[in-house]
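One chain, subunit A, links the two complexes that follow: it is found with subunit B in the first and with subunit C in the second.
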Partner chain A sequence: MLKVGIPRALSYYQYFPAWKVFFEALGAEAVVSPLTNKAIFAAGNSRAVAETCLPVKLFFGHVISLADKCDYMFIPALRSLGRKAYYCSKFIGLPDMTRALVPECPPILDPEIDLNKGRRGLYQTIYSLGSHFSSDKNKIKKAVEQAEKAHLAYRKEMSDRGITPIQALDETHRSEDKSYLEPDVSRGLSIAVIGHQYVIYDDYVNHRLISRLRDMGVRVFTPEMAEQQALDVAMTKLGGAPHWSFEADIVGAGEYYLEGKVDGIISVAVFGCGPDSMMIDMVRHRARGFRTPFLHLSLDEHTSEGGVLTRLEAFLDMVKRRRRVCA
Partner chain B sequence: MKTYLGVDVGSVTTKMALLDDQDQLIACTYLRTQGKPISIIQQGLEDIRKQMPPQAEICGVATTGSARYLAGVVLGADSIKNEITSHAVAAMHYVPEVQTVVEIGGQDSKIILIRDGVVVDFGMNTVCAAGTGSFLEHQASRLNMDIEEFGSQALKSKAPVRIAGRCTVFAESDMVHKQQIGHRTEDIVYGLCQALVRNYLNNVALGKEILPPVVFQGGVAFNQGIIKALEEALEVKVIVPPHHELMGAIGAALLLREEIRTDSHKTNFKGFEVSQTDFTVSSFVCKACPNLCEIAQISVDGKVLARWGGRCDLWEGAATG
Partner chain C sequence: MRIGIPHCGNAYVIAEALVQKLGNGKNELIIPPPTSHRTLDLGVKYSPVEACLPFKLTLGNLIEACELGADTLIHARGTGVCRLGYYVKEQEQIIRDLGYDAHFFTLDVSQNRVKSIMRLIKELTNDAPWSKIISAFSFAMGKLFALDEMEKVIHKVRAVELEKGRANQVYRQAVKAISEAQTIREVRNTAKEYVKKLGQIPKDPKADPVKVGIVGEVFVVLDPFANMDIEMELGKLGVEVERTMSLSRWVKYRLFLNYLGIDEWEQVHKAALPYLRRSVGGDGWESVGEKVVYARDGYDGVIHLAPFTCMPEIVAQNIMPSTEEDIPVLTILYDEQMAKPGMITRLEAFVDLLKFRRKRRRK
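Presenting the complex of A and B:
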């Protein structure tokens, strides 16, 4: 059975269930790299050019860790997921950068996803991707349909049950998390954590932010816990179509949660992210308008755990004291 | 007499403040941490003991600062608080109507916005220590000047030079250049003060609404040059409270008082014997996963009191109890 390597990084958190179903339907096996760890970081960091951001460096580390464990590496070149909405240039160049920096990488499957050009090209792209595994066009079509269904189910499960991708992806979490379903402001604080999935769900990058907050008695809300449509609506309310393909997940999510759903917002971004520097600022600006406490955490490879903890503690103190006064 | 000890162990200095039950400061100490937090905490405790009135009794200990967890374990703290909340509470204690707190310490600097007695926003320096006390100390040592005389030198300046303050390394090359072309030392010194203030306002305080009264605290508030530069930049009078350098410690003690209130509270404080206790620190690399975390541990007589440094709970959990 052919093995397809899927790095546990970047768009993994968004699309893994769809990819897995697609490759399995075509008789291949999806192999995922381990959770980010120091060795993966060190491997990625030693190859990547200095200007790339931490998540991209980690991506290379994940590719390296998979290089001898699969027959193909799946690295889609994500250009655009909607009309005039674009991905960051580092996503677009990901397959090419990988080829240049990780010569030991097995052949890269790099479908170019550019929905700005319409859907026609997409089908051709996916057929040629599928043709590596099957010459039966019907089989490929079925695999695509199954993948789409899996993606929608994954997305719906997160918003229906109020769980994170990590919880949704990890079978072992499936039973325990009913408590996160209904917003209940009366007990403990509700805080929305806003940021790219590969930042807020990679515990190596964010120093276990979400579990720390939960340990501190906070109910955590993340963009995926809202329906995609609700995020898109919130995004449109701000006027103007999004420029970035992931803008609804950040600016839209900020807006969605700011409408009286949480006691505070924590945004998380990695140092040097261009799109975030604009998007986060917009959320910050809106938070001020809503008079909602807002904390931005800027993370980098050397960010100390202590610095994150101090800010979190101070932020929660602030939200609590403020709530006590307002009550 | 019941007293409460606040301890602020920062990266550069360690501060202790002893408050009586009327929240009056009755003993304090201010020491350089010198990278040896435990022995400095022991030394500070000894200082406090010597200053304490004979009938005084310590009924609670609170720690804050970047070594607050370590200090908490060493002393037996009743409360461990972050330094932002501590500073805010102390500022409100001395200047109840305060709206903006500027705190510049050794390795980090903060801005805290307070409206109607509640913290509404705060900011801290992010990835760089350029706008902090260590920036000044570093430049002072390049000028062969004691940091203590830095402020009085700065006030002599009549024509300050402009120095890039964004980055300590660039500031240094800028400063050397100005020295080489013959600018006076006091003008360079005040230029550095202005650079620090500019950096602070453009980074830490970026986008924050600074309203008076502005309270300036932290060790850097000793520096008259910085006070002047801050007042010029903000165009308001800046209030430097008494004991500005102890505010973190005082705030921690005040927060503790707020928390315990009841008479039945029994403190965890281990007593002044702590000064004589032989704490052993050691570290090892955890090999449980590829992260290879460096775990630091503190122990007394072979009994481990606490462990830190893991990316997971494996060792942290093992230490409690």
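Presenting the complex of A and C:
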């Protein structure tokens, strides 16, 4: 059976269920890299130029860890999901950067996803991707339909049950560790954590931010816990037509949770993120209008656990005192 | 209407020329003072910390224009992958927060939109007749082409002049004379005269300058304040500079020849194809392609300029070192923290490396 490597990084958190179903329907096996660890970070960091942002460096690390475990590496070049809103350059250049920096990588499957070019172009891209595994067009079509269903179910599950992608993915994988899955019913502070999935759900990058907040008795909301449509509406309200494909997850989620009257917002971004450097400021501006406490954590490879913890504690203390005073 | 614009290299000359021909007393053009450290400080103070240098500099320009009373601001906008598409959204908010009541006009630079530019001019001139607009536009373009032609010549002269700094003096006079010229004929004659003057500058007969190509993000490549006069500094080091990108070239192709299906970057994209298969927004694809082309053309090295955290150029930077066409690349990233002596030290070291490589190759 052909093995397709899927790095546990970047768009993995958004699309993994769909990809897995697609490749399995075509008779291939999806192999995922392990959770980010020190070795993965060191490997990725040694290849990319210093200015590259941490998640992209980690991506190369995940590719390296998979290089001898699969026949193909799946690295789509994500350009746009339509509406003239785009992904960051680094997503589009990902397959080519991998070729340049990880020469030992097996052949790369790099479909270019650009929905601005219409559905026809997308179908052609998917068929040529599927043709690596099957010459039966009907089989590919079915695989796509199943993948789409899996993606929608995944997204809906998160918003219906108010769980994070990690929780949703864990269930589908039946992992041993079930501590994540306990429903969150704490009546403590409600804090919205906004940021890219690959930042807020990669515990190596954010030093276990979400579980740490939960340990502190905080009820955490993340963008995926809201319905996509609600995020889109909130985004349009605050910033108009989107310029980035993930604007709904940052600007939209910020506005959505501000209107939902959370006790505070924590935005998490990695240092050097181009889109975030602009979008976070929109949310910060809005939070000032709502008089909602706002904490921005800028993370990079040098961020220490202690530093994150201190800032979280200080922020939560401030929010608590504020709630007491205002109540 | 008092119209303010941001700076980018010589771009203000176009605006100035348009006003010269179309000014009607009702509308006033406010060209902010040349980008200075004050501009940068203003931009840095009010921008998001991690915004890129072009954002901070243009914001500084616009604030300075507002201080002079501008109520209408013109800014470039791109629909594409780079941050430029978000500039106006963000800058509009910052300027409003500062208490200025200014209205933004955006100029979409990512598509071939000669029509929208013409319409913008018409709107800003209170409906001047088309004939007048077109002749004013071609007059402005004439100035721009003359200036860019001067730059091409001076890149060669600076590297070999006997008395360093002579060419720059002539160049400064030329810029002044061209921006003061009143008719298109005058512009052309002035340009011819100064090209001749530059040619007469005494040259070192023994000079054998190393040749370097400049590639990278368009704003820092074109704006001397942003790139800390890198071309002049290279000239002082006796380096001949070549740069494909220029405002006049952009206008020529984007506004006119692209319509006829002529793509100025076709060869460059083709050269990049084995290493980068698609555009990554901004100028990343072109940077990779141009490196390959300069290597093939026998240049000694490439200097790659980008604002710090520029996404398309980071892609290019990751890919460039591994191309088969081997040629040294020096990437210089600009932000508000950078100091000129640091840049000069790096340039000197790079030029030494190039000279050494050339000597070894010739043996």
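A few comments on the model shown:
What we mean here is this: the second predicted complex is superposed on the first by the 309 of 327 C-alpha atoms of A that agree within 3 Å, B and C clash if a C-alpha of one lies under 4 Å from a C-alpha of the other, contacts with A are read in each partner's own complex, and residues count from 1 in each chain.
FYI, a residue touches a chain if its C-beta (ideal position, glycine included) is under 8 Å from a C-beta of that chain, and two chains touch if they have at least 3 such contacts.
As the structure is a computational prediction, the values presented were derived from the model and not from experiment.
Once the two complexes are overlaid through subunit A, subunit B and subunit C fit side by side, free of any clash as defined at the top of the document. In the superposed model, A:274 lies in contact with subunit C only, and not with subunit B. In the superposed model, A:314 lies in contact with subunit B only, and not with subunit C. Taking subunit A as the reference chain, the count of touched residues is higher for C when subunit B and subunit C are set side by side. Once chain A of one complex is fitted onto chain A of the other, the partner contacts of A:93 are limited to subunit C, with no touch recorded for subunit B.
Across the overlaid complexes, the C-alpha centre of subunit A sees subunit B and subunit C at an angle of 80°, to the nearest 10.
By the touch criterion stated above, A:290 is placed in contact with neither subunit B nor subunit C. In the overlay built on the shared chain, the residue A:127 is in contact with neither subunit B nor subunit C. By the touch criterion stated above, A:51 is placed in contact with subunit C alone, subunit B being left untouched.
This overlay, made by fitting chain A, leaves subunit B and subunit C with a least C-alpha separation of 5 Å.
Counting contacts by the rule stated earlier, residues 271, 298 of subunit A appear in both its interface with subunit B and its interface with subunit C. The touching residues of subunit A, when paired with subunit C in their complex, are 48-49, 51-53, 77, 79, 84, 86-90, 92-93, 95-97, 99-101, 110, 112, 239-240, 243-244, 271-282, 285, 298.
Every residue of subunit C that touches subunit A in the complex is listed here, in rising order: 48-52, 79-83, 85-86, 89-90, 93, 97, 275-282, 284, 308-312, 314-315, 317-319, 321-322, 331, 333. Every residue of subunit B that touches subunit A in the complex is listed here, in rising order: 66, 81-85, 116-122, 124, 126-127, 207, 289-292, 311-312. Put simply, subunit A touches subunit B in their complex at residues 34, 37-40, 203-204, 207-208, 271, 284, 293-294, 298, 300, 302-303, 305-307, 309-311, 313-315, 317-318, 321-322, 325.
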